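Have a look at the structure below before the remarks.
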Amino acid sequence: MANICANMKRCFSPPALRAYFAEFFSTFLFVFIAVGSTISARMLTPDETSDASSLMATAVAQAFGLFAAVFIAADVSGGHVNPAVTFAYAIGGHITVPSAIFYWASQMLGSTFACLVLHYISAGQAVPTTRIAVEMTGFGAGILEGVLTFMVVYTVHVAGDPRGGGFGGRKGPAATALGALVVGAVTGACVLAAGSLTGASMNPARSFGPAVVSGHYSNQAVYWAGPMVGAAVAALVHQALVFPTVPEPAPAP
Amino acid sequence: MANICANMKRCFSPPALRAYFAEFFSTFLFVFIAVGSTISARMLTPDETSDASSLMATAVAQAFGLFAAVFIAADVSGGHVNPAVTFAYAIGGHITVPSAIFYWASQMLGSTFACLVLHYISAGQAVPTTRIAVEMTGFGAGILEGVLTFMVVYTVHVAGDPRGGGFGGRKGPAATALGALVVGAVTGACVLAAGSLTGASMNPARSFGPAVVSGHYSNQAVYWAGPMVGAAVAALVHQALVFPTVPEPAPAP
Amino acid sequence: MANICANMKRCFSPPALRAYFAEFFSTFLFVFIAVGSTISARMLTPDETSDASSLMATAVAQAFGLFAAVFIAADVSGGHVNPAVTFAYAIGGHITVPSAIFYWASQMLGSTFACLVLHYISAGQAVPTTRIAVEMTGFGAGILEGVLTFMVVYTVHVAGDPRGGGFGGRKGPAATALGALVVGAVTGACVLAAGSLTGASMNPARSFGPAVVSGHYSNQAVYWAGPMVGAAVAALVHQALVFPTVPEPAPAP
Amino acid sequence: MANICANMKRCFSPPALRAYFAEFFSTFLFVFIAVGSTISARMLTPDETSDASSLMATAVAQAFGLFAAVFIAADVSGGHVNPAVTFAYAIGGHITVPSAIFYWASQMLGSTFACLVLHYISAGQAVPTTRIAVEMTGFGAGILEGVLTFMVVYTVHVAGDPRGGGFGGRKGPAATALGALVVGAVTGACVLAAGSLTGASMNPARSFGPAVVSGHYSNQAVYWAGPMVGAAVAALVHQALVFPTVPEPAPAP
């Protein structure tokens, strides 16, 4: 009981509140850019799917935007910006379950708020949701999202390594920034690889906000189950693969 | 009175003059590339707004160009390249008000000179100004510019942190370069996100130069008020968020 | 005989098995992104070769994807992700021949598995193989693949230098990440330079997987011989050029 | 006389010969990618100038390619890859005149050899030269090339600083790699800014090779005079601006 009280207290300590704000703002930034770039590209091409250059636009926007989003939160919250990443770190024991729940709430709020701002500002443009290509089954889409998220979250684990749930720490600021860069790059690459198939969400928060604001909740199950399973497997594989060489795993907020 | 004299003297010391030149040249470089890339893309597509690839071209040009512009000025002037960034640093107390005014003048001159050179060289091409999409109100555009600038200036503060108004210093040359890279990246991402809505200026100097040279001053209020407010809020939020962990804020030029 | 036994034992030690997995997974990631981006771009453009933006999409996807693939494997296996790179390191004596053979098998398996997943997930999309432009001869294509691979593998050697078959080590984590970045960048540049001519494979594994899954084995000889010869020459030139200076890196003129 | 002999001897010392090879190969790589990407993009678009995506393709190829070209030569020759850069370093006294002449010859040979290989391999594709838009005068084009080269060479000087004609040295491998990255980025940005006006050569060797192989020597004067003057002014401005702070270059971490 005292343990729970202490845990709760830690969840509202100033560093924890700062971490929640950092996750809120970084997810806001990332989703604002991901959804905004889709809107901007669509305004330039009458038929949204008629050209690879609109796919390029949103992929590069997400790569650059996630680089910045992870970078600015790295030293404050670990730079998750993605409920699936938080889930993976919770499984690996790098973040406590109550903290993870507050991280999730912050990420979901950030995403929804970004879509609300875009909705009211962009004067009549519908907020685009991630969509599954008509040729695909929901199950296939879930597998694909899972595979993509596995690749991204495994990269996050390598970039956030040594040792313990996030960037910063012993590796110095240059390594932190480069870890954020590689996470952005692999995300952009995955958007290019699968953008035409499932929209390449790989991030439940990135799909949740547009769904709330547009009211189209179809396929939310796919965009939650796929990434969560992929992220969990990535955490386990990374731990199994590199654990033997780990002397002391440090705790994260 | 003696205080003012001393202040003025410091504003004309060799390091200060070098800083003004650095801001002049970096803003010249950035605006030359931002405006030039719009001209070059327009020459290749009869209808300027018909394709997402022209948006990509100017977004990537601005990302790469601002990376270089911030990089080359970082150790001399702090690499602001943007009156809104200078304003944010003035609010945070990292630069004195007289210095900030000279920074502003240098940035405005650099932008205007870049547009003049482009105007005379590019033989008959009109210098394109940042424009607001017809569907949007001026107020909505100001909000959007403010939100975008908030995201960029918050990133600038994180990149320019520890400690005090600029790059360089304790973090070493690699961290300085990576800070410039992330500032360029988030700017490019914002251009992709909002290029079709307001042109994604996020920088009063970037909108001022083309307006002077083309003679179209409409909406200048939007491109000044939005970014200035957004930058000020970013400075306050960043300070409120991380101030408790700051032991000693160092002075900037 | 005892020597062979010891060698074999080392090939199945935990670090060696981890290295094989790293090569398997990194090649999976790279080929998944390279082939997936071609599929995604093709779904957006009815005629696959009608626009430079689909070339951009796959080039940027490969640049970002290879950056991540090399980064995540760098400290575990050296981050080869390419049988031609492994061949070059074997020639240079940085990896033993039995290890190289296991690396090759891992890379080939990773590539094939990536194409299988894409085949089953992407519902009816054919897995695209690297192809030679109709105007070219097979010999010319082999020369071109050799020249491209020479440029890539020479860059890999410089990035993986000092000293001995891979990244990591003395240069620190930032230099390792930047080495991965430059390898990704030069690969993306080569795809842009020769994508319309031979598909710019520069990597036998990247051509092998799609061939197995699609059943089109034509020109496999070109995609093996060209890169292998180019990589071998790169290893020899790099060794001849820099070997004498190994004790102490000399200053620039 | 003995002085000249000693100078000449130094010009044929093993480190000097290695530097010439490095310049030869890096210029080969850069020009191969710059010209090859133009050919590849042109094969995908019947009308070469009809789309901004072909400009993007060659700009990104040059950014990524120059990043790699400078990176692989940085520790051997200083990574000039451009006669205008060598000229600027000669003016600044960072390289002797005889060395500069050998650097120039190596760069010109590398460029010509790259175009020859492309000519013979690409089966019937004409080697594209840099061209001036019909609306422009030769004088305006020279000014534009000069301004662009000023921006690039100034960036090269900042990236190659402290202290003396090249990368490497005290700043450590990460700073060297990031210096190469920023040089590539500013070059790509300049190509996007002026690609439709003069082709954005900014490098006499990059214009010389295609001219030799295609036999079209028109406007060579523009592509030599503009960049040379721009580079010389950049060297002088950089020296005038930062020389007073030279006394103590700070050590890297």
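A, B, C and D label the chains in the order they appear, each numbered from 1.
The rule is simple: a contact is a pair of C-beta atoms (placed from the backbone, for glycine too) under 8 Å apart; a residue touches a chain by one contact, two chains touch by 3 or more.
Keep in mind the model is a prediction, meaning the values are calculated, not measured.
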- Task: Using just the Cα atoms, superpose subunit B onto subunit D and tell me the rotation angle to the nearest 5°.
- Result: 90
- subunit C-subunit D contact: same residues or different, taking over half shared as same? different
- Calculate how many whole Å lie between the centre of subunit A and the centre of subunit C, each centre taken as the average of the chain's C-alpha atoms. 28
- When the C-alpha atoms of subunit B and subunit C are each averaged to a single point, how far apart are the two points in Å? 39
- Query: Do you know which subunit D residues sit against two or more other chains?
  - Reply: 51, 53-54, 56, 60, 63, 172, 174, 178, 181, 253
- Item | subunit A partner contacts - residues on subunit C that touch it in the complex | 14, 18, 21-22, 25, 29, 32-33, 35-37, 39-41, 43-45, 51, 53-54, 56-58, 60-62, 64-65, 67-68, 71-72, 76, 117, 120-125, 172-174, 177-178, 180-181, 184
- Given the complex with subunit A, which residues does subunit B contribute to the contact? 49-56, 59-60, 63, 133, 135-137, 140, 143-144, 147, 151, 154-155, 158-159, 171-172, 174-175, 178-179, 181-182, 185-186, 188-190, 192-197, 241-242, 244
